[in-house]
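Going in written order, the chains are labelled A, B, C, D and E, and every chain counts its residues from 1.
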Amino acid sequence: MSRVAWALALPIIPAVAALAGFLVPLKARKAAAAVGTAGSAGAAVVLFANLRLGLPELPEIEASSLDGPVLVRFGDVAVTLSAGLSQLTWWVAAIVVLVALLVQVFSVGYLLKDDERYAPYAAQISLFTAAMLLVVVSDDLILLLIGWEVMGACSYLLIGHDRRLPEAPGAAVKAFLVTRVGDVGFLLGILVLGFNAGGFRYGDIAAFMTESTATTVFTVTALLIMLGAIGKSAQFPLHTWLPDAMAGPTPISALIHAATMVAAGAYVLVRLSDLLVKGDVRIVLAVVAMISMVLSALAALASDDIKRVLAWSTVSQVAYMMAAVSVGATATAIFHLVCHGLFKALLFLGAGAVIHMAGTNSMSAMGGLRKGAPVTFWTMTIGFAALIGLPPLAGFFSKEHVLSAVYDSPDGAALFVVGLVTALLTAAYATRAWLRTFFGKTRTEGLRAHDPNPWMLWPLVVLALPTVLFGLFAGLTPLLHGDTHPTAMGLTMTAVAVGIGLSFGIWRGDKAADPARTLGPLRTVFASGFHLDAVQNTLVVRPVLVLARVARRVDLSVVDGAAEGTGRGVGGIGRLVALGHRAGMPRQVVSVLAGALVIAAAAVVMGVWG
Amino acid sequence: MVQSIDHVALLPAYLAAGTAVLVLLADLLLARRAVTFAVAAIGAAATGAAAAWVASLGERETFCLPGGCSFVADGTGAVVAVVFSVLTLGVIGLSWPALRGDAEDPGAAPPTGEYLFLLACSLTGGVVLAYARDLITIIVALETLTLPLYALVGLRRKSVASAESAVNFLVVSVISSAVTLMGAALLYAVTGAVHLDQLRHNLGGPVTDVVPDYDPGAVDLPLTSVAVILVLVGIAFKIAAVPFHAWAPATYDGAPLPVAAYLSTASKLGGVFALLLIAVGGLRPALDRSGFLLAAVAVATMTVGNLAALRQTRMVRLLAFSSIAQAGYILAPLGVFAAAAGREQDVVDAAVTATLAYTVFYVVLELAAFAVVIAVRGSRQGGLIADYAGLARRSPVLAGAFVLALVGLAGLPPGMAGLFAKVTVVDALLEGEAVWLAVVVAVNAVIGLVYYVRVAGVLVRAPEGAVAAPGPRVPWPVALTLGAATVAGVVLGFAPQLVLTVTGG
Amino acid sequence: MHPVIPYVLAAMLFGAGVYGVVVRRNAVLVLMAVELMLGAVNLVLVTADATLRLHTGQTLALFVIVIAAAEVGLGLAIVLQLYRLRRSIVTDDVGAEPASAEGGDAEPEKVVA
Amino acid sequence: MTVTDVLVCALGAVSFGAALRVVTSKHLVRAGLWLVVALGSLAGVYLVLTAELLAWVQVLIYVGAVVVLMLFAVMLTRAPIGPSDDLDRARIPGILIGGGAGLGLAAVLVDAYRWREVALSDVESGDAVAMGNQVFTGWVLPFELLSVLLLAALIGAIVVSRPDVGAKAPEEVS
Amino acid sequence: MNAVLLSVLVVPALGILAVGAGAWTGNRRLGAVLGTVFAGVGLFAAIALAADHSGAPWSRLTWEWVPQLGLDFDIGVDGVSYPLVLLSAFLTFLCCLYTVWKGAPGGREDQLIALLLATNLGMLGVFLSFNLVLFFVFFEIVLLPMFAIIAGWGGPARRHASVKFALYTLMGSLLLLVGIFVIVTQAGTGDIIELTASGGGGLSRGTQLLAFTLLAVGLAIKAPLWPLHSWLPDAHTEAPTVGSVILAGVLLKLGTYGLIRVAVGVAPEGAEQAAPTLAVLAVVAIIAAGLICLAQTELKRLIAYSSVGHMGFVLLGIATLTEAGLTAALIGNVAHGLITGLLFFLAGSVKDRAHTGELARLGGLREVAPGLSGLLGFAAIASLGLPGLAGFWGEAFAVYAAVQRDQTLWTVLAVVAAIGAALAAAYLLRMLRLVTHGPPGEAVAAMSGTRLRAVEVTSFVPLAVGVLAVGLLPFIVQAPIGAAVSGILQAISR
């Protein structure tokens, strides 16, 4: 098998598992779980097989020479099944496979018992896995787009999975549509790029970029593709869907809305980072990243829902990746992607365990859970520490590298400052969440903390390990690229310490109360994400719906009205004409003679002047 | 200057006239309805056969004067004569229930012998018309074709409606023919010619030598334009073109059904052919000038016919208005005279072929439609459209034939004959580059579909409250005619080239 | 001879006939008016013959007279039939669509036994 | 103005005046009589214009037969002998159409013939011989056809006017 | 090969006769079954057509018919028509099977099947015609059977809807007729292949524009193109399930196929002049349909309007007059046939069970009928143009083709069309949310027989598989189209 085939096998295996999963009867939940798990496991096997093939060197994001067969041809442009893995992208695939596998296992414990529709659920996870892997391995942008959109569809399906939550279907639709807005740009960007480059492969595009000087094309396509990435990665201003998406089952949040899909935007920008340079739009990305990271960190600070805290934190952390991309530190971005994938998946699965025992997402109803659930507590603690960026955890290394890269970048001053503020805020909200969940007294009567069942427990442990160790061993991977800057590191650690200190200090004052209370009236503003949902509603959703109603009415009354009116009009004229013919012979005679007279006169007139 | 008369060429005319006489004799001597009926049918068939046989002998001319021949047995004439005979044969078949009469009131039925005699006289006129090539013969033939119909329309002798229809038809017809005669007289005054060929020639030249100091050329004379229009009025009356059409619904509705069928098929064919003869054969130079009016009349005819048909409640009136609309399509190709200045011969040929072909397609379908109506209603009148509700259940075969005929008149498959008829017309219109006229035809065909479909819909609808009665018993002559017309419609649908070949001759 | 004189006379006669046809309510009077129109036709034919020095027009005129006679003969018979059936030959409502057209299956006319 | 012109004018005036009475008279019977005058003086015009045979035929057939027939019809339909006011419809359409037709025709005819003059002296008279030649050399076919027409009119008139003709015996009805 | 070609048309005709024979002998059930068998045989014949695809065209059969009208019985198949031939035969077979197995509302299954076969005969004839007049004849054949299907088996307002359908489409086909004869009379031939090869038979630009306009308007009514679409929602809403499936699945393609084969192929210069107008209308259709669907309250009506939008993409592809555009349009045709066919089958199943199509009264379908709802979700997602499913290729690459034109107007159109695709997502997800998600609505709660029946599985699954197959392996449709498209465009120099 060629390398293309081996690379494509990576998405194909979970895809087959998904197809099989969809055909499994609803009652055979265990079989479905087994199929889903097997799909992810199979992908893991293939992943290592790919490693055995030898991957292209680092750190360049390879302009792939791995051309696959033609999938379809439109005129002189073709879509090819081109795929391959480089050393860098392998790690992205690895985190996808790992989290997917663990989520499949975790879900058995989390959902299987009392969810009638577990079978499609598992299959959808498999399908998602396949799609994400396709995004990772694809060397053809159209192929990537397939994965990209299928991910979105799976996200939609899985967010809407929980029938008990009335808001879930709406959240699912919102998630899909907001990302779809970005995808309009993404599609157009790809099409324009593909048209100009004469193909959709990274190789074609690289060649085009070296040959051509069409700066406008670069700028336009870069912006369009960035729009897609922003939508998928829930960056400002298309981030509004992500907090709502937490209506999905928690394992799904871990997989899709934290570890993988949301990071896909950053991944794609990494793969097309040359385009950003050529198009000279990195400043735009930097601005987006700055706004996103602070805005969402503030929102995380004020949220009471543990999953929303994590969701906002995801926006913020992905913004770090974007920041890295915007300064050209692509490998570092991927490094942060991988590390974030690890600790955020850990945090979400841990949150799942917490929610499972607490029966609610609200941190106000938690507290003191440390006692009866040591494994959950410790693994979550590791996760929070990594999120904060405490050494020597994975998050520490990746965040330091990002900030150092920004610091080193000539235009990175503003970005660096914002990054520091965000680090501070991150430390603060993570500490707050940690304290509110596990410390103090239980705020719900009769809530007895306990560790979850082994299906859920072991994935936590398995994720905790690399979260601790990956940073230390990262030097062995090509991901640890570049140096940490001592000044940057110092400033960062200071910010982190301040953040932790603030949170802890306030909490100490009243252990039962929420440290966020000190935000005062700003708290609701932050918690609502600066009311951007409402803004979006007013500016986009409502006008479109009004327009839709107008369009429908216009179609009925004007377009169809014209047709129906013509029909009625003709009928009416027909009635008149028929009425005119009910008269008797005298009028017939008049009609004959007058007709002859008029026609003859007309003939004379036409003969004279015609 | 003694004419040598070619009696072979005249054979169809002799047979038609002979049929009339024989029918009268048979009725007088034998007084058996079946025999009289058979004589008439055989006579009509023989006339058609003779016309076909004469045509196979090649073109023959007789009654020739220096200006041209009055009687030319050419291919086109033969087609018209044959179709005319066949239509008359069909109408004879359809007349059976009317002649047998209503069991309750036998006295109301038309007398068989006289009825068939008048029909045969009309046939004689039609056959002569097919071969006539001068104005005098054409006019006399048209009169012979029409005059017996005055009586025929009034032959439901106890019916006020029938008598009123007869008076109506008579008066309007007489007035129209007076107008036509005035036109013919003026035409003769201008050109000094009555033979079509000579007429065409003289019209193309200067006014006859009587007006030496004022010599604008015959076609430029306003008098010529008036004369041409007046001549065409009477013919437009025969084919029920707007505004000379209003007699048709009233007359069809009161006349015995088979006579209505004859009026809307054979009589109309006669009118169309007379129009072709005079307009294209005789008056072509003049029509270059005022041909647009013909197009306008065509447009008015199809539009008014279709619009009025939308709101009819009586079956025969609906068919009448539909046949008016059809007349519009028939006239449309002649409208291409107005299309462009440089009318070439092939454009004219296409128009003539299309007109004639459309008429043939149309009469076949129309006869089939009337055959169904007669099969359903027997000796009664056409009745309301609503009376046909549920026919599809009572008699699927009749309903099927009716739908086939109506859909054909609408110009849609499976009525392929009608489809090709429309195609032929559009082809001819565009041959003359009259796109606007083609579009008008298209729009009208759409309006037409409304009422054809409405009738078809009534057929399948269950009658209100009534239990499905058994289908009507169809007398065999009617069944035979209906079957033949339907088969002809189907065959022509798949082999329209048969018609197009002969009419293109 | 100035042919325009008989021609104009013919036109006037024709116009008088047309007027009569339009205005008269009695069927017989309508037929009389038609005879005037046909007379005008014949006058045109005769005048044309005189100017053209032919006899074709007179032949046609002869035929027209015959046709007119036949039409009148048959026409009067029909008018009489109408009179027999409804005791009036006023033509006003002849040919009008029967008002009872919306009704049932019955023929919209009274049948005189 | 020649003599013929004067004759034509005079006879024409009579004829047209009578024609106007035909279409305006309030007496049914008088209308018929005026028709006799109109067609009779028209025959005079024919005679002036050398159409001899036609003139006699006109007198014989029209005056002698057709008008008599019409008067019979008037009687048979039990028309009032005196004047009646309901003979006419509204006049306006009639005046418009009739006047339009008459004047229009006159106008185009005047336009075509102007004040042209034709000598009648060398016109071969349309007497019985000439007309006989005409009909039996060139127009045998329409002549024969007219016989069918007349027969049809005859039979038609009979069958229409006599309800008992062809009425079936009861046993024939099945 | 010619025997196979002929049999594609003859078999449905024989099927009609078989149904007739069944009715004659009083064994209507047998007639219905026989009709279905013939539909199946027809499908096999259609498949067999691809056996020899070496020539250009693959095969062709010419008999003189009515030379006076430029009408020859000239049929053949090539890459442009083959996918649609297959689609037509395939959907007809499924519909016959569905009818004979499940029964029809109001009975008379055999008649319904005969009408389906007649429709199929017409549609296949249109796709196979290589003669303009023959094309028109077959085009007309479709009209009345479809009318009868709607009028005979439709919903409560069927009479109005069917008449509207008939009149609208007749108007279209008659304009088509006029357009065809503008060409036939001027060029002196009705041979599509010859006319295409000669770039419009040497007609002048003005004539070509006139012809193209007439043809395009006529065909656009069938397609339908905004604003000539208003017959479609009514027809779809009232038509029985199989009627809707055929209507959306194949009938609309007569318009777009005709545009490609006849309008563009025969009047290329006219097409070039009219293309921007066509494209603008197509894009307006996309947006208008999207917005209207967003405010739509009835399931079948919504799907009907979505068809207007999807066909808008197809028309946009055609209007670009590029190889990419035409290829996208042809793939879009097939994809829309499969997807919307499936959607209408599903909507029919929903309405059969819930006795309503009002979105407000549905809801929670996935709780009650997970199989049905799953398929509905699949079809809806396919319909919104998800990459990897059939709908994507046609729509995305129609946009691509517009981008390819590389002019301001076309670029704007591309952008607007892409936004329209997002609207499609919006209304389809709204529909899914209202129908499948949430607690069961009153109509859904009262549903009987929630499981998918065997007949439904048999009818739906092939379509779903088709959607997936075309989505993942688009070359199965594109490969045959291939060079044939460039043949159509050869007169347009670009």
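In this section, contacts are C-beta pairs under 8 Å (C-beta built on N, C-alpha and C of every residue); 3 or more make two chains touch, one makes a residue touch a chain.
All values derive from a computational prediction rather than experimental measurement.
S.K.: Starting at chain A, how many touching-chain steps does it take at least to reach chain D?
M.R.: 1
S.K.: Which chains make contact with chain B and with chain E at once?
M.R.: Intersection of chain B and chain E contact lists gives A.
S.K.: So using the touch definition from the top, which pair is joined by more C-beta contacts, C-D or A-B?
M.R.: Answer to which pair has more contacts is C-D.
S.K.: Which chain is most remote from chain A in terms of Cα centres?
M.R.: The chain farthest from chain A, judged by C-alpha centres, is D.
S.K.: When the C-alpha atoms of chain A and chain E are each averaged to a single point, how far apart are the two points in Å?
M.R.: Chain centroid spacing, chain A to chain E, equals 35 Å.
S.K.: Measuring centre to centre with CA averages, how many angstrom lie between chain B and chain C?
M.R.: 23
S.K.: At what distance in angstrom does the C-alpha mean of chain E lie from that of chain C?
M.R.: It comes to 61 Å between the two C-alpha centres.
S.K.: From the C-alpha centre of chain B to that of chain D, how far is it in Å?
M.R.: Result: the chain centres lie 29 Å from each other.
S.K.: In chain B, which residues are in touch with two or more of the other chains?
M.R.: Expected reply: 136, 140, 143, 147, 150-151, 154, 157-158, 166-168, 171, 175, 179, 182, 186, 210, 221-222, 226, 246-247, 249-250.
S.K.: Using the touch definition from the top, which residues of chain C touch two or more other chains?
M.R.: In chain C, 3, 7, 14, 17-18, 21-22, 25, 30-31, 42, 47, 51, 56, 59, 63, 67, 70-71, 74, 77-79, 81, 89, 91-92, 94-97 touch at least two other chains.
S.K.: Touching two or more other chains, which residues of chain A qualify?
M.R.: Each of 581, 584-586, 588-590, 593-594, 596, 600, 604 in chain A touches at least two other chains.
S.K.: Give every touching pair of chains, nothing left out.
M.R.: The complete list of chain pairs in contact reads A-B, A-C, A-D, A-E, B-C, B-D, B-E, C-D.
S.K.: Which residues, counting only chain A, touch chain D once they are in their complex?
M.R.: Residues in contact with chain D: 586, 590, 593-594, 596-597, 600-601, 604.
S.K.: Contact residues on chain B for chain C in the complex?
M.R.: Touch residues, chain B against chain C: 105, 108, 135-136, 139-140, 143, 147, 150-151, 154, 157-161, 163-168, 170-171, 174-175, 177-179, 181-182, 184-186, 188-189, 192, 194, 208, 210, 246-247, 249-251, 253, 313-314, 317, 380-381, 383-384, 387.
S.K.: Which residues of chain B touch chain A once you look at their complex with the stated criterion?
M.R.: Residues 167-168, 171-172, 175-176, 179, 219-222, 224-226, 228-230, 233, 237, 242-244, 246-247, 249-250, 289-290, 292-293, 297, 304, 306-312, 321, 447 of chain B touch chain A in their complex.
S.K.: Could you please specify the touching residues of chain C with respect to chain D in the complex?
M.R.: 1-20, 22-26, 28-29, 31-33, 35-36, 39, 42-43, 46-47, 49-51, 53, 55-56, 58-59, 61-63, 65-74, 76-81, 83, 89-90, 92
S.K.: Tell me, which parts of chain A touch chain E in their complex?
M.R.: Residues of chain A touching chain E: 22, 26, 70-77, 79, 117, 120, 142, 145-150, 153, 156-157, 160, 163, 166, 168-170, 172-173, 176-177, 180-181, 183-184, 187-188, 191-192, 194-195, 544-545, 547-552, 555, 559-560, 562-564, 567.
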